[in-house]
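As structure tokens, the structure follows; a few thoughts come after it.
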Amino acid sequence: MKTMAFSKTYGKRRVLELPELELPEGQITAVIGPNGSGKSTFAKILAGIERADEKKALLSGGSVGYLPQKSFPFRMSTVKNILTNGNDPARAAALMMALDIEALAGQSAKKLSGGETARMALCRILMSRYDLLILDEPTTAMDMESTLAAEKLIRDTCGETGCAVLLITHSISQARRIADRVLVLQRGELIEQGAAEAVLSAPSKEETRRFLDFYGL
Amino acid sequence: MGSSIRKAIELILSADPELLNILSTTAKVCLTSSVLALVIGVPLGILFGAERFPGRKVLLVLNRTLIGMPPVVCGLLFYMLFSGVGPFRHLHLLFTVKLMIIAQVVLITPIIIGVMETFVADTAPALRETTRGLGFGRIKEYKLLINECLYSIFSAYLLSFARAIAEVGAVAMVGGAIAWKTNVMTTAIMMYTNRGSFTLGIALGLILLTLSLLVNVVLSLMQGRLSR
Amino acid sequence: MKKTISLLLALIMILALCACGQSAAPAPAAAQAPAPAEEPAPAAEPAPEPAALVVDTCILKEADDAMINNYSLLAVNPDAPFADADGNPVTDVELNTVGAAALINWLLSEEGQDLAANYGFDQYGEYLFYLKDGRPVSTAEIPAATEETKKIRLSTTTSVNDSGLLGYLLPIFEDKYGYEVEVYSAGTGKSIANAKMGNADLILVHSKKQEEAFIEEGFSYVLDGMDAERLNWMYNYFVLCGPSADPAGVKEAADVKAAFKAIADGKYTFISRGDGSGTHTKEISLWPEELGITADAESFKDYTDWYISANTGMGACLVMAEEMHAYILTDKATFLTFVANDGVMG
């Protein structure tokens, strides 16, 4: 999949200015960068939640699924209802099993912990098939065990359905674990992109190196 | 207080026909007006909270002003409009239960709109981000939003019922506190107080509070079940 | 469901406990009431029985011609110069003139007059209303109610309504002829204004000045078989009440005006209705002119140490007068009800 070049301005402040990008199908593209580098805004614009300055379609077509950083908890429903809302229960059960929340199926979403809510949200977005799946820090609230299970699930879904995954993450180790490609953002600009292994082990740009060093890697 | 409580119990036990008439008028007015206000106010409140449209801010300021309208002013307005010389005289509504209900709906609806708007404005953006991310349409989005609102709809209803049952200025003005017809608990309490029958006034007040307590207990239990 | 029942039970228990606790302990209000504020009560006087409140306020001056309280009926004129809030004339105000005439004719019939004259005697041992000499009497045939004439709107004052007279008379009339009388009761001013706005078919009030203004403006008319608009058929007396010790010496005063002067001179506490009611209007007319007391709050701002403008109903004012050992002008009917109920009004 391809995205057009676009920019985003709040008032007079330009927060994002990106060139045309390639999001290969069947691969996970991780977006890394420090806080405030425009990662989430990038995700929202691609998902169509926010508009770019250009006000035109940015994607070359296909359906888009987007999991926001703060996914709405749907306090008034049970986990099962949230997941199977019009979809097949077998898949819901499989997803819940994969993330170890099948025991919570009958519970009200209100009673879930932060990590459980995050797992439920991930299950929910994986219920449907999309050509492009945008996940904004899906594992931030999870512990290590759940994070690894979630990563495996994302990986498998990507492989099985052949969709393009755009994974916003602040965890470089996560990017290293599951990403095929990496985009590095800083102050709203793309400073480096390429195969995950290459960018993360041998960054070509000084800024990328400084950013990676800063995070102790 | 003790004598008032005893009087209140005596009054209930004696099943005084006038008291029963006052109670049934009160129930009719309060329940109808609060439910009507809910039916009008909830959709408007959700709309104001969830949508952004030109004039929304102005309408919200107007709504907040209406929340602060003194009931007696509302009553006076309706009295003038529906008087024998008022523009709506041919409807013959002055001093009827119907007009009391209408006046209370006008008083209460802004409160419901305000409560719902505050809640929805807080909830809708995050919900919308998630539902759009899932690729849901507007109808499904609103369905989910309303489902999330259920708890606050109950809260809004409790508030509006409380306002309806406690309100005296408007119902006294447009109802005229006519015995056997438009006299409700609050106007009866006012009448007895003016007469100096303080004990009877407090006795009626206690009955009113007890009824209000019962309604609140039932609704709170329903609300509790909802959150389970 | 279980929760509901247990909560209900708890509520009933609380109420019952309150009731029981109260009957065991003496009422605190009763203990307070006999403590005199100004009276030089002898210390030897033992506390009176705590069960019943004894009303100390009593009638000090009555049956004075200056205190006559005339009750009049006025039919509202269907061709009156009704006007909306902006003063634009309204010509199609709908009034039930047939119903109003029927009620007036019945009240002025032999039956209605007898009932009114005897009202209250069984209960208080005194007549509350007297029939006026030369009163209008009706012998007109009273038509039974029809669907159009059934509802009669009567605007009256709270003191008339509180006396219970209408509650006694109207059901008899309604049963006999099939009408339904809706009684709107408010202060004289509001009650007359209500009629002027086309919301009443007839008025029953007791304030001659305001009645005459009402007629003057064309809001009333002469019914068939009557001589005048104002049908003044009944009267009673306002009474001047006060503490039984009568520190102002009102009882000995030559007439009621002298009595009011004595209260003002000695600055004894006086409770005024202060609500523009007929009683209030009457009271204002009884003060010495040099005091300049009117319905306007400005006029008594120098007398606030003894002149209390309560702005509430007659009964509430009587309770106040009893508690403050104050003088008060009241209609006799309300006062008798007050005494009959041991000063707690119900």
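As written, the chains take the letters A, B and C, and residue 1 is the first residue of each chain.
Heads up, the rule we're going with is that a residue touches a chain if its C-beta (ideal position, glycine included) is under 8 Å from a C-beta of that chain, and two chains touch if they have at least 3 such contacts.
Keep in mind the model is a prediction, meaning the values are calculated, not measured.
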Pairwise touch network: line, ring, star, complete, or other: line
Centre-most chain [mean C-alpha coordinates]: B
Best-connected chain pair, where connection means C-beta pairs in contact: B-C
Separation of subunit A from subunit C, taking each centre as the mean of its C-alpha atoms, in whole Å: 79
Separation of mean Cα positions, subunit C and subunit B [Å, integer]: 33
Whole-Å gap between the CA centroids of subunit A and subunit B: 47
Subunit A - residues contacting subunit B, complex: 44, 47-49, 63-68, 70-72, 74-77, 108, 110, 121, 124-125, 128, 130, 134
For the subunit C and subunit B complex, residues of the former touching the latter: 3-4, 7-8, 11, 15, 18-19, 21-23, 25, 27, 82-85, 90, 92-95, 153, 158, 162, 167, 182-185, 197-199, 312-319, 334, 338, 344-346
Residues of subunit B that touch subunit A when the two form their complex: 123, 126-135, 144, 147-148, 150-151, 226-228
Interfacial residue positions of subunit B with respect to subunit C in the complex: 1-3, 5-6, 8-9, 80, 83-87, 89-90, 92, 94-95, 176-179, 181, 192-200, 210, 213-214, 217-218, 221
